[in-house]
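You will see subunit A twice below: alongside subunit B first, and alongside subunit C after that.
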Partner chain A sequence: MSEIFINGISCISPQETFNNSDFPAEWTDYSGDFLSCREPVYKDHINPTLARRLSRYIKMGVTTALTALKDAGTEMPEAIITGTGLGSTEDNEKILLAMHENQERMINPTHFIQSTHNTISSQIAIMLKCHHYNNTYVHRGFSFESALLDAMLLLREGRSRTALVGGVDALTEGHYINYERISRWRRNRSGSLKMITDQGKGVIPGEGSAHFVLSTDKTETSYASLKALKLVYKPAEPAALTDAASNLLKDGGLLPQDISLLLYGHNGDPEGDRWYQDFHQSLFCGTPSAYYKHLCGEYDTAGAFALWMASMIMRRGRVPSGIMTKEGAAGDIRHLLIYTHHRGDQHVLCLLSRV
Partner chain B sequence: MTEQELIDKLKEEIIKQLNLEDQKPEDIDPDAPLFGEGLGLDSIDALEIMVLLEKNYGIKIEDPKEGKKIFFSVRTLAQFILENQKPA
Partner chain C sequence: MPPKVFITGRGIFSSIGQGLSASLESLLAGRSGKGPIRILETLHREFPVAEVPYHDEELIRMNGLDPAGTYTRTFLIALPAVKEALESAGINKLDEARTGFISATTVGGMDKKENFYHIAAESQEWLKYIDTQDVAEHTERLADHFGFRDFVTTASTACSSGANAIMLGARMIRQGLLDRVVAGGNECLTRFHLNGFNSLMILDKEACKPFDQNRGGISLGEGAGYVVLESEAMLEKSGKKALCELSGYGNSCEAFHPTASSPDGIGAFLAMSQALEMAGLKPQDIDYINAHGTGTDSNDISEGTAIMRLFGEHVPPVSSTKPITGHTTSAAGSIEAIICSLALEHGLLLPNLNWKTPMTDLNFTPVERLEKKELRHVLSNSFGFGGNNTCLLLSKL
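What follows is the complex of A and B.
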């Protein structure tokens, strides 16, 4: 079975992560009730004639896709796979609003054309003139990880040698308002960087786009080896997760004590965060751990930000300040395990090893 | 509204509707072709302008064959609007 390497990455997030070969000098603390991306000047990356038609989430996705390929030195991937929870909600909101305002007549064609969830993958393919495998997954908290799993299967089966995989979600006004009505969000009372410790019911939303070039070929600049990925849907109890993690480690010939660092998806909602506490105490007591959602907020494909963070940690060989929990500093990082879940329903375990 | 006033208004509306961020009204030659050369617009833009005509001026292009002539330039568009707009 082929080993899989992460050879290129790119991330647009609420932090200064884009085109940054290192961690930002400091993390941005947000006082508002949601975290918005720090976006680049898109015309530096996308032809302005094309960019004028693209919505914000497509520009974010296309830009991280192109820069991840550049980072890997890959011109033509053999698969393009995107995960998105919200997809083209932005364009759909515009169409529905226009339909409502104009009595279901005079609908702008541009928003309609861009309004399918697979627009990002297809737009990347059109720009690259790439006729290889092209797919999009829209599975809420499993969206990005389904794309990642698909890519891993393609690579391991030898059907592709390189795959461009991304997770993209942009928060829209309509989505924020709709979910506010069902009390999904909580107020940001003490700054986003204290999101995990200043607990409360609900989450603080965020957004982001991250792309990865996966390959069966190791290069001098490979970030990490992507060893294993496990998706667990609606586990009955925390023990199901520790069983899944034990099996995942066992398959890789590892023991819990071999894990140098755990990267958790805490978001400050005690109901969801208890999963991480149970998991840590059951299997990884004493292992250094870190979290990341206080930097990007909560969204369906926040796992892509976690993989960006994990890839950077493996490449740089150090953990940035401001993300470690009380366990203290991580030492030599050989194996990193990401555990994150979405609303207690969709749980993801992802194992990376140093190359 | 005079033809020149309508041309100036149309330029603003086209820039907004087609999201031509880098264009200013004074950059658009009212007699230059809108499609292919000139502004370099395409078929999707033509549909957007059709929506604009219907929405802002209440004008529907009934015969698509006429489109090429009407959409040739900002001036031909303005002339078509002035000829076909119903009195308020």
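What follows is the complex of A and C.
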């Protein structure tokens, strides 16, 4: 089975992550009840006429896609696959409002054109004139990871040598208001950087877009080797995760003690965070661990931010400040395991190794 | 040689029938599910649609669900199709093999959201539906209803969604990640997409007539179709006889326009070519093409041109069954794959209803009447917005 490398990355997030070859000098602390992206000037990356037409989530997606390709030195990927949880919610909401206000007349076709969730993948293909494999997954906390899995399958099938994979979600006002009504969110009382320790029921939402160029070819700029990925749907108990992790390590010829660093998806909701504690105690007691969701907030494709963070850690060979459970504990990082879940329903394990 | 993947079960629920045998009867009789709008609440009564002829309350009752529950129409339409697929494959216990569930839709819970969204700030009723509005809700509801645990996800590529769900299932089986997969798509009619297609001016006020020179656009439909895919090893173990083989598939992107198809049909050509190449077949081996054939100006010329480019002077029988089922969008790929499996099983060339006038730019005309013919290999085309083109190749055993 051919090895898979991460050769290019790009990330727009609530942090200064875009076009940054290193970690930001410091993390931004948010005092509001949601985290919004620090967005680049899109016309630097997308034709301004086109950029005016595109919704925010498409601009975020297209921009990270193009810059990840540039980062990898890849002109034409042999597959484009996107995962998005919210998809085209922004355009859908505009259509619904217009439909109501104008009694089902005068719907703006541009919004409908952008209303199918595959718009990001297809817009990237149009810009690159890329006729290769193209797909989109929309499944809550599995959205990005389904796209990643699809890409790994393609590369192992030998049908593609390079795949552009992304996870994109943009928070909309309508989405925030709707889920506020069913108490999905919690107030940000002490600043977003303290999200994990200042616990409470509910989550603080965020958003982001990250793209990755995967390839079967190792290059001088490869970030990491993507060893394994496992999606676990609604596990009955924490043991299901430790079993999955043990099998995943065993398949890679590794033992729990070979893992140098764990990257966990804590978000400060004690009910959800318990999964990580159980997982850590049963398999990885004493292994250094880090968090990431206090930097990007909680959203369906937050796993893409985790993979960006993990890729950067592997490439730089160091862990940035402000993410370790206990500061300064990580040493030489050879193997990194991401464990993150969304709402306790979609659990993901992802193993990276140093190249 | 990668291991083979077979179709061992099918479930369908649409305007032409509740279940496989009723659907086959409608296909044999050339009976269309289309008619005036009866169920969908909309001001646009001018378009014929192919509706599942039951209100949500009736579907809740037919499915034996708790009337107090909150269900999207998407879920209510998909449930009987998944149930039939499992039953027809003789699967009683999901945990006896690694079983995945891959569903597909585009509108998801939009049927409820569109009733509440404008009054979202006030409505108490809406509270119950807020967490059902996304695309994946129906997938998880179905997974939990039936007990799928080993792999669950949702593909969403507009009108090729159902075909892409099936393709992913087959690929996971081939790589040994799963033993069997229930995969397919579904879509319920919504005001949202009826208005959306209308804003693009691609809905036909008459019943749609694909591949006709005077075609006037799409007739929308709703429904669900799911297939059971199993590995060769699973069949050897159980001794079960498969219905047909999923011998190839192709996925390609037009990379041309967000909604219109390219004039040269490059995406369609590549998707069909890849499917053939994968199965090691030549164009002359194909006995029938179930076309995407939506009846829009842009699709039919694009798809027709791609077919001519691939098959030259020897275009096999082609038809679009959308005049019968309506364009069921995200379900089209899986419903039409099931129709193709019926065509293989019963040796049928299905008619392209409503067709009268040949298209001047094409060298072929579609199948006009139901014909009996022994079929070996058939293609099923599904193309979506954004140029997401997928082709499935089904072969007789």
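For this structure, a couple of remarks:
Methods note: the second predicted complex is superposed on the first by the 353 of 355 C-alpha atoms of A that agree within 3 Å, B and C clash if a C-alpha of one lies under 4 Å from a C-alpha of the other, contacts with A are read in each partner's own complex, and residues count from 1 in each chain.
Quick note on the criterion: contacts are C-beta pairs under 8 Å (C-beta built on N, C-alpha and C of every residue); 3 or more make two chains touch, one makes a residue touch a chain.
Predicted model only: the values in this text are computed from it and were never measured.
After superposition on subunit A, the partners subunit B and subunit C are seen to fit next to each other with no clash. In the superposed pair of complexes, A:109 makes contact with subunit B and with subunit C alike.
More residues of subunit A lie in touch with C than with the remaining chain of the pair subunit B and subunit C.
Once the two complexes are laid over each other on the shared chain, residue contacts for A:48 go to subunit B alone; subunit C is not touched. In the superposition on chain A, contact of A:125 is made with subunit C only, not with subunit B.
When the two complexes are overlaid on their common chain A, residue A:183 makes contact with neither subunit B nor subunit C.
Of the two partner chains placed around the shared chain by superposition, neither subunit B nor subunit C is touched by A:21.
Of the two partner chains placed around the shared chain by superposition, neither subunit B nor subunit C is touched by A:31. Superposition on chain A places subunit B within reach of subunit C only down to 9 Å, the least C-alpha distance between them. When the two complexes are superposed on chain A, the residues of subunit A that touch both subunit B and subunit C are 107-109, 113. Chain contact summary for the complex, subunit A toward subunit B: residues 48-49, 52-53, 102, 105-110, 113. The touching residues of subunit C, counted against subunit A in their complex, run 2, 42-44, 106, 110, 113-114, 117-118, 120-121, 126-127, 130-131, 133-136, 139-140, 143-144, 148-158, 164, 168, 171-172, 174-175, 191-193, 195-200, 251-259, 266-267, 270, 384-388. Against subunit C, in their complex, subunit A makes its touches with residues 80, 85-87, 92-93, 95-97, 99-101, 103-104, 107-109, 112-119, 121-123, 125-126, 128-140, 142-143, 146, 150, 153, 156-157, 174, 177-179, 181-182, 231, 233-234, 345. On the subunit B side of its complex with subunit A, the touching residues are 17-22, 40, 44, 47-48, 51, 54-55.
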